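Shared between the two complexes below is chain A, which pairs with chain B and chain C, respectively.
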Partner chain A sequence: MKAGFRQSMAWLHTWSGLVVGWLLFAIFLTGTVSYFRPEISLWMRPELQQAAPGTRATEVVIAEMQRRAPAAPSWIILMPSERNPVASAFWRDPTATPRGFRQAQLDPRTGGDLAARATAGGDFFYAFHFQLFGLPIPIARWIVSFCAMVMLVSIVSGIVTHRRIFADFFTFRPRKGQRSWLDGHAALATLALPYHLMITYTGLVTLIALTMPWPILTNFEGNRAAYTAAVFGIDEAVPRAGVATPLTPVTPLVAEAKARWHGGEIGRVLVTNPGDSTATITFQQQDSDRVSVSRRTIIFNGTTGAVIATREPDGPADATRGVMYGLHVGRFGGGVMRALFFLSALMGSAMVATGTILWAVKRRQKSGAGAGTRLVEILNVGAIAGLPAAMAIYLLANRLLPVEMAGRITWEVYCFFIAWAVLLLHPLFRSHRRAWQEQLWLGAVLQVAVPVVNVVATPGSALAATLPAWRWDIAGIDLACLAFAVLLGGCACMVGREAAAPRQRRGAVQSAAAE
Partner chain B sequence: MEARRIGGIVSRCVAAILGGYAVAALSSIALARLGSRVEGALIGMMASYAIYTAAVIWVFAASSALRAWVGLAIAAGVFGGAFWLLGVA
Partner chain C sequence: MTILAIALAYAGFVALCLAMERHHGEVFGTRRIPSRRRVALRLAGWALLAASFPTCIADWGWAFGPIAWCGVLTAAALPIVLLLPYRPRAMAALAPALPILGAIGACL
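Right, the complex of A and B next:
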């Protein structure tokens, strides 16, 4: 019975992994780089790199918004932080096309506009990793949740299959074909196993109100707004009274918030009905100084400055949700912790990649090169080696497309997808080894090209300028590209060596397979 | 023989994906009765994917597809019954 259980789990692990492997790799890798979303965004907007948060940002930005949009129903302002020196303001304006919204990037020291090239920045990778691209958002999120669910099942069945977890930790037999892929896959999986379980489960939890809404139906009689208000502290809008009343000075409110939060910084400001007697000012705390993202919130009366309500995470389940979400997005703990999460996530990506490669290697050994095996091999190359190359293209497009180009944001994204599509088709016309080698080398060259093109296109944000200024947030992107280039080049060399001596290896592979 | 094998696999996949989801959904509303409105809802939602995973593992570990379905039906009955009983109380 015990052997039967392990066998059925091995079957489940093999096939569940394959079904979602390619999409999962893309979700994992774009999610991995999203730990540095603000840094990527700043790298992609070199015009903003000299901005600084300033000390009176809240006062400055609210004063500026009173000039710009005194009659807007509400302003939402994302305050600057140490990772993002810009304040972003959003407000409703019926004359704005196409969606009735305006937004501005404000200098938190002066309130003036900060003009930067149009780009989606790191938000593109971030959004792709949980809602893909071009699909209706709920459908895309369902697809991603499905992939994550299969991932969870793969992890659990994988643990059962490779129960020698401690031994796998230290086992690697290089240059032994299938055996090496298996060892590599198991080592990557076990090294960061707690991380893989955590990131998959917490990822599912972030989309849970969409995929498992039934408790909202039973506990809130299906009133989603009531649930949102209770969990996220967002209340429904109150209509204007029509009595013009000036907004209260903000400085005492800022002091009050900081005192209540023991020095915690303001992350988000919401002002409703500014200039009216019904105005409210809401501060939400920044979430970079603790694990949980459950937002501590203070709501002030906008004309008297009196505290109307506060919201703290209320029960253990709410606190748990906040911690799960916080662990997933990894905004706490500073750069070193984030770098460790980044490395764990890279191992997760590599685990998925080696898993799909192992499937094809094993299959070819057992039943030769059938159409199914060949299809998997073709998809493996484009999905795994093609993606980092396309991601480099996205960064390169940011520097090479004209700054004044119309539809620039969209074209950066199109460049990414065109490159990826070409690389998905390319293995159709090449031998399997050739396809791997060419795409890995191409990826390495493109990654090297990122810091090089940066020197030519925007010298002010290149390594020669950012390293002496200790701007690790910006230099880190260039350095990471170089590291990725080394990694991809190393993989390409590995494939090359394998091709150089296939004969002598065959015997070793067969004895390993017989084990 | 081959057709039976494939039929068994398809049956298990349906049981795992849809049946497992149904069990998880029933568990979520049963557990949601255990706390206040917010707390209960969050407990039910957050625990549901652990239940879902356990259900999927069960489906593929069971010795036959029929047993897999029977096991899911029992779990669904238990959670559905708990939901109903806790609602009455």
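Right, the complex of A and C next:
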């Protein structure tokens, strides 16, 4: 080996980070906001914001489903929670087009329909985070898994490369060009290192059934359905007996479940063969009660109310998977915990961003403005500054597109991608620094526009209404947009100040050379 | 309580930071730290970081507390790195002030 170990690690770190940097930033940032997926979804459905979970939601919703779909083979009901005041019911109906499924948003107090504007809500960012958009799902997940693997390689090689982790722990030297980018990159990485390692590793684990299927295929002899049944506690459907029998009252079952879970709340209800003698009622515990997402489950006989089976997911493999998955998605522990996760995740996004910027700054200083450097710079602007602007466009489209518009869900998403595509192309036609300044300012303006347009389009969900009512779940989105605006505006000012700095200064030289 | 945990961790990190020559110089204008003071700062730093851990446990319990603590450490260290080059004295002055405010907040 010609080069030393540390040099080869530095090489690996430099190039592995660049290969996936842009996509990784998008994955990181959409994942970061996905900690608040239910809140974003609720913000984007202002019509539902006044709904409340109610105290007898399970009873109300099951009674309503008996009225609506008495002959359906099964109902899946996602129960309301602190974070989502609406019950969502899904059931199979062969007459429904196109997929033979129907769904309804139910008011958990009355069982009535809650009509809201059509939107993908926070689910769009969440899905983009691990399966991107428009690609076949397995391929997209492979790409994301690959990015996560490279990320893990980058983190480990970065730790080896960074010799002065403790000596430089608090070091940040601003206005020194490349030095500052390196300091910033290292500080963002070091200060949240436990988080970065955790989130990357657990991210790989969430997709491990796809990337490493062999243990499952071996242990379940190639039968994935059997694996799903064993892991998720969902058994294969039993055919109806044809003997009409009413469903047992659910109130005692709810009490039984809560007693067994020491007060844990019901997150999901699954009813199979309702109205038949073979009916079963399954309760799964809510995710927010524990770190692990492996759900405690109770299955009742649907006609007698007797407990058929319970599932306490405490086997070592199950608990390991559940806890890793739970750590990744961070649904436990409430708002303050999520805010802490959010901050670390934001630092992760910034770490990826500063890494790709550092690559270009370093490259330009070393070998001048070649075509490769210029390409990286162009992609940096659109991928890093363009994304938050496009995300703001997505929220704005939610308020500005007509509520009755056909294909509304798709158009919100198209608005996001059209905006992002324009911003990816825009740096081609501008000087490097100009492109940064314009896109950062645009992002700041668009982020400010979100709460402003909210006031005009849907006054009921604007800050003036949500703050006095202590609705932090909704006000938080507007406030976060304002905070992002300050952040982006601050970055734009910094780019401007660096341009104005005297050229003799060592750091300013290579960025000024960009012009 | 989370505020208190962050405040304690902040004070701890500041103490450890001031025990380093370069940062001591940035705040107090001299890189020379008397060796007793250095030891005292190091001890205080680690003790304060340690103290933020039971605060998290008290707030979150044993299942969530250790996870929250990692986030608390990150949230406490970030403002130090951002303040140090611009407002070094304010950064140091906040170290005793924040835990007191945090404790008052936790009592209310």
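As a convention for this text, the second predicted complex is superposed on the first by the 500 of 515 C-alpha atoms of A that agree within 3 Å, B and C clash if a C-alpha of one lies under 4 Å from a C-alpha of the other, contacts with A are read in each partner's own complex, and residues count from 1 in each chain.
As a working rule, a contact is a pair of C-beta atoms (placed from the backbone, for glycine too) under 8 Å apart; a residue touches a chain by one contact, two chains touch by 3 or more.
Not measured: the values here are computed from a predicted model.
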**Prompt:** When the two structures are superposed on chain A, do chain B and chain C clash or fit side by side?
**Reply:** fit
**Message:** Per the contact definition in the header, classify A:I409: touching chain B only (first), chain C only (second), both, or neither.
**Reply:** neither
**Request:** Considering only the touch criterion stated at the top, classify A:F172 as touching first (chain B), second (chain C), both, or neither.
**Result:** second
**Request:** Check whether A:L327 is in contact with chain B, with chain C, with both or with neither, and answer first, second, both or neither.
**Result:** second
**Prompt:** Counting only touches as set out at the top, which of chain B and chain C does A:S8 meet: first, second, both, neither?
**Reply:** first
**Message:** With chain A as the corner point, what is the angle to chain B and chain C based on their C-alpha centres after superposing, as a multiple of 10 degrees?
**Reply:** 90
**Prompt:** More residues of chain A in touch with chain C or with chain B?
**Reply:** B
**Asked** Is A:L340 touching the first partner chain B, the second partner chain C, both, or neither of them?
**Response** second
**Asked** Where does A:A192 make contact in the superposed view: on chain B (first), on chain C (second), on both, or on neither?
**Response** second
**Message:** After overlaying the two complexes, what is the shortest C-alpha distance between chain B and chain C, in Å?
**Reply:** 20
**Item:** For the chain B and chain A complex, residues of the former touching the latter
**Value:** 24-25, 28-29, 31-33, 35-46, 48-50, 52-53, 56-57, 60-61, 63, 83
**Message:** For a test of understanding, state which residues of chain A touch chain C in their complex under the given definition.
**Reply:** 167, 169-174, 187, 191-192, 194-195, 198, 290-291, 327, 332-333, 336-337, 340-341, 343-344, 347
**Prompt:** Which residues of chain C touch chain A in their complex?
**Reply:** 2, 13, 17, 20, 22-23, 60, 63-64, 67-68, 70-75, 77-78, 80-82, 84-86
**Asked** Touching chain B in the complex: which residues of chain A?
**Response** 4-5, 8-9, 11-12, 149, 152-153, 156-157, 201, 204-205, 208-209, 212, 214-220, 227, 230-231, 314-318, 320-321, 324
